[in-house]
Each structure stands twice: as structure tokens, then as C-alpha cells.
């Protein structure tokens, strides 16, 4: 590649909407440089399925938090998230990515 | 890492909205433990471009299904999805991820 | 796997909404075969945090562009995106994925 | 009897048609004006709720008649038969694939509820009255065309070698969707509620469903203009000429067929105008969704562009005045 | 005094209840009819804005009275006490986990503003008048039940070994959310604005908040029917019988308690009917959200299905007429 | 002539301003109250549709006059010139970067349609009449300021070494967006439709665009309060004092300039008040979007917080009464 890229991690957290502020607070505490929250429309898990237009308020809805982070910070982030996603409905996955502006993460 | 993670697969299916229930039914049949559907706003492919606010009803819109799954189950899932995404507008991609709660997938 | 998959790249671009048309134009110029734009609800970065329902119009909002592409085309795409995400608020990450229909990308 | 020119002029200069034109204009100059999808969807529900309820109340006041059942039967028949005619005409004049011909034909057998609603306004403006049960006729005409079109499309397909579990599951899904799709359900449901609650019910909610109705319709048509315009910009240039022509003469043909039936049944001028409009209108919500499921090989860039980009504007601007004039002539 | 049968019949055949039934029906036949979340949320804000404002204007006209404070206090007390009764009954009759019993009980101490709104319509239809400050009572009754329920749930929990930074931060968050949750804030805010601007203010905005109110309520109840029906289809079969029974008798118990207090305070029949309805109604927006945060171990499939799928339809169809009759009887 | 205190009091105690205050309050106590973006966007379209249409109808009734063209020209000139003044003042008093000064200045040359709409209500409440064409003036004043500001910003920039294909493509895009941005298009479009359909058109849709107008405005201002409050909480503390001061005196300066022109042209008191309000108001939708595209280096946390968090509330609460008083004084 003529353009240099840098290895980072992409953390994806599917979390029930009412607990979102806890997740973002946890990311803040763990030193994540940023995150973006994506809405979800519907889903299924062990607890049955849900649809956005079939709920009042936040309960029962899932949102998806994406956080690009340096690999070094990942253990701290996962550590902070673990109790949260054990108490609340939540799924955390981490993937390898390449970014073009290393200084941001 | 002080926290153990487990390798899993992240399957992402971009599918035209009217065929969504077929995709989720296929995931159910293939034994996926869960999935989450994300909305999309706009897109472009070979068939031209579309925008959410520029359509009536579902036709022409794309939604994005994310399914975290054990690697073992992936071939069955892809097998079940293949005829669907060949008949309908759809794109399937699979990535490696690490999860913290292996028992969920 | 009984089903053949092909290695491709998944480019994810978080970009402030007003600059979206520039990003998609850049993807077109760089020869991407397609892309899908996902909405975002909220986020935080160095510049503080934002929420979709807390803004008028597009300014301050982020959208997420996903583009599955052949690895060959990735350098050209990143090259074209770079000046954009340096001028505008934007984050680009690239991940390895496997797809089932290679001919699409 | 009003002259056709007069009706046409009244119609073209109504706020509804002008807001549609504004939407078209905005899309042609690539303005960023848009109506959020959630709002468009809710306005569609609102329009069906309002028109359905009002129809039900009117039927409750007027009482059922033999004519009612005759028109319901005629409506179902028209919806089922028009795709055959459309398919035949497309086969004779165009080079579209069989599946595309079937899909296009389905749209013209089914109906557009917004065209119908716009026609109710034009009919009222023209000083005519219409029967409330026409709304029930609209609901009945939504789906038969889909069934005819599927049969047309399948006759041409070889039976699949291996049975497809997905197809089987889908087929049940499809029938339920056709029978209980949201338009049919909302129209019929509101119609029945209107019938049950009658005038007192109407009084309770008329400041919501009657008074602002035309204004909401203006906003909805603005959005229709935006969407139709973007569809046209994207796709109409690519439609073959015989197909574009089909989008213009097919509604007139459907309208003439319905005019004959309206005369035979003995409908009033206002009711006949609406029945003709139903036959002449082409679906762009329910049928496209059904086609994506049942005939995914058919190209939406053909059927959607034709129905929404060609036929809808034609009906809104010129068709409706013509159908009113036709109805006044044959009744 | 109207007979209970008459009130019930009027109520069951009102457009509001019928649109709710249409929503239930649509969900049972798995129709794709749905109201976008953004619209449902805004309609909820609208209903609270309208009912709050109207209540404030009425209080401004009538002036505050000693009764007002008595009812406010009674409301807060009912909200705080009902969860204790509910928790006790669930402990005696069901095998639910402690945390689930507490969570369910919280819903029945708090209120459903839509049930309240539907009751105001039925009360008016029955020819009764009510005091504007009842809206303030509704706001006051939203939250005390949550606090009682949290205490009930925590009494059963061992103190955590390691202090949880997240829990601490959350607890502050939770209290703020309980005090300023959007329902409480909107109801109270609109109430105060109504009080301040009085009749002239009402005249300015009554074409928005008064005239279309019932129609919007119909659309909202259609959505409630859809959601309740989908909840029922998914979860009600799995609820144990004693829990379903609780969803039916608990509102009646709450209503009786409130009826006694209404009699003691000396409320008018219309106001008593609304106060009884508040006690009898169960929350399905504010409390579930608080429970997900404070008691994530409690299962929403139990408390949401019960409140939204069992108690809400019961109250809407049968409860409200009974509460009106009860109010007329005790006052 | 009403005293300024009286106008101010009427204004501050109007439901509109009080709902804005409720929104501010809700954001300061961190309530979860929010209005979905789709609704806010549609309410903005609705307000422009309504105000545009009404203005067109009024112009159709009154007929065009020489004054009309004088005010249009004056409006365009004010919009183009105010950024120069603003830029100069910011250069003299603050340490903002050139690009930030230009971006802020652009907002004050352009207009806020909601401030305008709120002023129409206050003007009417104060018993004054205004000319319908003021809406056309509003549309004309949206964009010239953007062009001036871009010139101001670019004068300071070195020409880029390598030509940027993206910039070229963008610049065309930008001009189209400025000319046909949704506010300009909707205002102008509805204005023209109102002119064409006149009174009969207005009668058709007035239950939608006139009657509920103030109520919708209340809901919209509630949302504005929420958004402005969140902006303030996030960013106002960080604004330098001279910049905050600019957000308070700049609207007054703009207003005085417009008052002089209004006097010269000979506008009526009501029209003058609206013209002054336009000059005094600062954009927070169209200009920020244009700035993100054209001057991405300028910080939205400065210009948006200032326009939405400082100037908008100031104008709504205190500015408008002052502008009305000023208009009554100079005419």
C-alpha cells in the first residue's frame, strides 16, 4: 500500500438501550478516545425477539456501540465492560482493523 | 490480556428489506443463536443508488443483519443464505472477532 | 468449509453527515463497486459528544459508510478518502472479511 | 355538468397538485428537501384511517344496498382481469422479460389509495357526491391483481428441481401478507369502526380525521413529488418507449373498462368517477413489496418508475379530471 | 347515574377502544401494520402536553383548594403503598423470584397516563366533570412506587462484596431519572404553563391540543393494540396463571383503595373516577425503563407482558366503566 | 402604542416562550425528554409551509406594490452586509481565528425562520398587521450572507498548491445547495402556491396550516429549548466573553440597521417589526450546514452555541418585544 495504515481494534458492543449510558460511562472511565452509537431495528437472542416499533420507550431495544481503540487499551475496556454485559443484556466483540490516522486512537 | 476472549465469527448480511424475514428465518433454521438488524440510510450498488426517505414501503431499502456465531456453525449459515442472496439483493461477509462470553454463541 | 469464500476488505468510514456526499463521490471516483450508509444515534470524540435528537439539520451528526471492496482497490480508496477525513470529522478503518460472491466487488 | 377543461383547471391549480409539483421541482433541482420516512409512513396510515372511517360512517348512514355488493364484485373482477390485459399488451408491444411483464401488470390491476383520495377531493370540488362504500371497494381491489400476476409469471417458469424450504415458508407468508397487508387492514378496519360508531364516533374525531385532511394530503403529495421526481431522474430515461406509453394508456383503458361496469351497475356520477379512478390507478406500495418477495427477478426500476413516476403524475394531473368527465358522461 | 352496563357499552364501542382492538387484531393476524417509534414517542409527548396544559388551565380557573393537597398526598401514598400490597400478594400466590415480584409490584403502584387519558374521555362521555388538578396527581403518582419496589428488592440482596463504581454512578443517575423522567416533566411542565397562561393561552393552542386530541388518541391506541398484541403473542402463554390473575385483580384492588380515599376526601364523581383509574392503572413506559436500570435481573417478559398485555386492555375495556360506576356509587 | 414592558410581558408569558423555557429546564436537569429528529424536521417543514402559504395568499389579496421590491432588495442587502459588520466587530473584540469569525458572521447575516415565526405571533398579539410578502423577504435573506462570509474567509487563505477535485465538485454542489436549500425552497414554493390558489386554496387547508399552527410552534420551541439547553450545557462556558457579548449586541445592531431601512421604505409598524426581527435573527440550520461543507475548519462549537444557545433565546425572550417597540417607534 502506498498509504500507511496502523493496526487498531474495533470493539462492538450490542447493549440494551436503557444501559447505554452505563456503557459509555464505562468507555470513558477505561480511557476510550471515542465511540459511535448505531441504532438497531430488531433482533433475536435467547430471550426471544424484539422490534423497534413494537416497544414503548427504551426497554427491550438494543443499540450498537462501535469503539475504535488502540490494542493496549482493549483489556482495560473489556474489564470495565464485563460486569456490565453480565448484568445487562449485552454482547461484546473485538476485531482487528487498520486505520489511517493512528494519532486519533 | 488479563481477560480471556474467544474466537468467533461476525457475519454481516446486507439484504433488501422485503426479504429480511427470509434471512432471519434462514438464520433460525441454520441454528444461529441470535442476530441484530441495523437500519441503513442510503446506498449504491450495480443497480443504482437508493435513499431511505426516497422510497415508499420497504422495496429498494437495505437493512444490515449482524450475527455473531461460532465458527462451526458458519458453513451451515452461509449454505442456507446462499440461495437467498442469489435471488434477492444481498451481500454476505464474514469476519473474525473475539468475544468475552463464549457461552452465548 | 463446503462453501467457498473469498477474501475482501470491509472499509468503514465514520463521517460527519454534511460531508457524506463528498465521501460517496470519492468512493465513486476510486472505483468502489458499492457502499451502504448506516445512521448513527450518538457519539463522543475529542470534540465532545453529540446526539441525533439534539441537533438541527445535519451538522454535528455522524453517519457510517460501509464499503466492501477488493483488496486491490483499497489503496486507491484510502488515498481518495484521506484529504477528506483530514479536513472533515472522519474516521476510516479497514478489516479483513470473507465474502461468498466474489464477482460483486 | 362541468366541462372537462374546467375540472382539469380546478384540479391542476388545487394546492394538492401544486404541492406535488413543488416536490417534483425540488427533486429536479436536487434540493435537499425531504420528508422523513417515519412521517411519510404515518401520513399514509392517517389517510387510510381517515378515508376508511369516513366511508364507514357514510355507509352506516346510507345503509347497505344491492349496488354495494355489485360494485364490490365488479371491483374484485376488474383487479383480477386488468393484469391479463396489461400482460397481453406488454407482450405485444414491448421486449420486457415475462417476469417483468407480469410484475408491471400486477401494479395496474391493483390500486393507488392516494390517487383515490385525490380523486375524492376533486369529485367533491366538482360538486358531486359519492357513496361511502367505495372505500370498501378500494380495499377489495388491492390484492386480486397480485394473484393473477403471480399465475402469469409462474406459467412461464419451469418447476424447480429441488423443493426450496424457503419458498414454501415464504408462500404462506406471502398469502398472509397479501390478505392482511397494512393498507387493506387499515382501510377495512377504519371502515368497520366508522360503521360501528357512526355519526357520534365521527363527531368525536372529525377535528383529527376530517378538518386537517386536505392539508395532510398536501404534505403527503409534496413527498410523493419528491420521491416520484427522484425515481424519474434515476430511471425514466432508461425505460423503453412502449413501456412509458403503457404507463399512459393502461390507466385510461382500465378506466374505460370500469366506466362500462359503472354504467351497467348504475352508479352515480361521483361514485362512478371514483370507481373509474380505482381501476385506472396503479399501486406503488403494496404491490412492489409483494413483487420483491414473490418475483425478485422482476426489476423494480421498471415497475416502480412506471407506476410512481409516469402513471401517478399522469393520473393526478390529467387522469382524474378525465375520469370525472367520463363518469359524468356515462352516468 | 348511568348504569354500569351502559357506560361499559359506550366505552367498548368508542372509536378509541375499537382502534385498540384493531391493533390487537392486526398483531394476531401478523399484519405488517406498524406505527414508527418516532411517531409513537411524539404522540405520547403530545398527549401529556395536552392533558397537562388543560389541567393547568382548569386549576387556574377553579383556584387551588385544600382538597387539591389532600388528593396529591393521597396519590403519593397510594403509589408508595400499592407495591407493598402487590409484592405481598405475589409472594403468597406465585413462585416468581423476589426481584420479579418487586419489579411487577412497582408497575402497579405507578400509573399509565394513557389509561388515565382514556378515562377522562369516558368520564366526559358519561356526563361527569373532573378537576384539573388530577393531572398533577397523575404526575405525583409516577415515581413513589419505584422507590418502594427498589427497597423491597434490595432487602433480599446481599450487599456486594466489592463496591461497584458503575452502581454508584448509576444510582445518582437513577434518582435524577426518576425525578425528571420525561413523563413527569412533560405533565408537570405543561400543567404549570397551563396554569400561568390560563384561558388566553388555551385559546391560542386549543386547535392543536384540544380539538384533534381524541383522534390522536385513537391512533395512539391503535399502536398500543399492536404492541400489546405482539407482547401477548410472544409472552403471555408463558406467564403462570396466578401472575395473569394478579394482572386482573390487582387493578381492582388498587381502585378500591383509591375509592375509599376518594370518599374520605370528598371528591366529585368524575374526579373520583379518575383517581381510582390512576390507582388501578399500571405503568408500561417509565417503570420498565427504571427497572432495566435498577433491577436488570428482573424479567421484562413478565412485567411488561403483564402490564401492557393483560392489565392495560382489561382497564381500557372493562376497568374504566367499572371505576366510573364505582366512583358514582361511593360519591 | 403598547408599552415595551407590556409587550415583553405578554411575550414572556406566552405558551410559546414558556414551552421553550420548559425545554431549557429539562435539558439543565438532564431529563431524558426529547423530540425525535424526524418530528423536529417535519415540524420545521410544516412551519415553513404554513407561513409561506399564508404569506402568498396575503400577497395575492393585497397585490404587489413598489414597496415589495424595495423590501426584497433591502433584505438581500442587509443579509450581504451584516456579515461584514459582524466580521469587523469580531476582529476588533475577539481572538477567534479568521475562519471562525467569518463563519460566525455568516449566521448573523442570514435569518432564523423560527424567530421570524415567533415574531409574527407576537406582532399579532400586539394588535399589529403585517404584509404577506415579508415571507418572501425571509427567503431572500437566507443565503447572501453565506456568500459574503465565504469571501471573507477565503481572502485569508493561501490558494491550495494542488487543485483538489473534491473541492471543485463541492463548490458546484455548494452553490446549488445554497440556492435550493430546503428552507428557501419550501418557503418560496409554499409562497407561490399560496399566491396561485389564493383564498379558496387557503380555505381548503387552513384547518391544517392555520388553526394548529401555534400549538405546533409550542412543541417545536420545546424542542428548540432542549437543543439550545444541551448546546449551552456543553459549550457556552467555553465561549470567550467578547464572543458571548457579540451574540447579544449583534442582533440589536442588525435590528437597528433594518429599522433605519424600514423607516426609509415606509413600512407599517407590523411589517417593520418583522423586517427588524429578520435582520436581528441568526441562522442555526441552513448556515451551519453550509459552513461544515465550505469551511470545515471553523468550529461549530463556537457558531452553533452562539447562534442557538445565546442569540436565539435572547431574541425569543427579549429581542422580539424590543423589535416591536422599535418598529412602533420608528414608523
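Labels for the chains are A, B, C, D, E and F, by order of writing; each one numbers its residues from 1.
The rule is simple: a contact is a pair of C-beta atoms (placed from the backbone, for glycine too) under 8 Å apart; a residue touches a chain by one contact, two chains touch by 3 or more.
What you see is a predicted model, and the numbers here were worked out from it, not measured in a lab.
Common partners of chain B and chain F, by the touch rule above, are C, D. With steps allowed only between chains in touch, the distance from chain D over to chain E comes to 1.
Averaging Cα coordinates per chain places chain C and chain D 39 Å apart. Chain centres here are Cα averages; for chain B and chain D they lie 34 Å apart. With centres defined as mean CA coordinates, chain C is found 18 Å away from chain A. Residue numbers of chain B whose C-beta contacts span two or more other chains: 38-39, 95-96. Residue positions of chain F touching 2 or more other chains, listed in rising order: 34-39, 207, 211-212. Contacts between chains form some other arrangement here, matching none of path, ring, star or all-to-all. Interfaces, counted as pairs of touching chains, are A-B, A-C, A-E, B-C, B-D, C-F, D-E, D-F, E-F.
Across the interface of their complex, chain E is touched by residues 16, 18-19, 21-22, 25-26, 29, 47-49, 51-60, 83-84, 87-89 of chain A.
Remark: chain E residues 36-39, 41-42, 45-46, 49, 53, 176-177, 179-182, 185-186, 189-190, 193, 196-197, 201, 204-209, 211-212 touch chain F in the complex.
Only residues 12, 14, 38-46, 62, 64, 74-75, 78-79, 81-82, 85-86, 91-96 of chain A touch chain B when the two sit together in their complex.
Contact residues on chain E toward chain D in their complex (touch as defined above): 13-15, 18-19, 22, 25-26, 29-39, 207, 211-216, 218-219, 222.
Chain A meets chain C in the complex at residues 1-3, 5, 8, 10, 24, 28, 33-39, 63, 66, 68, 95-101, 104.
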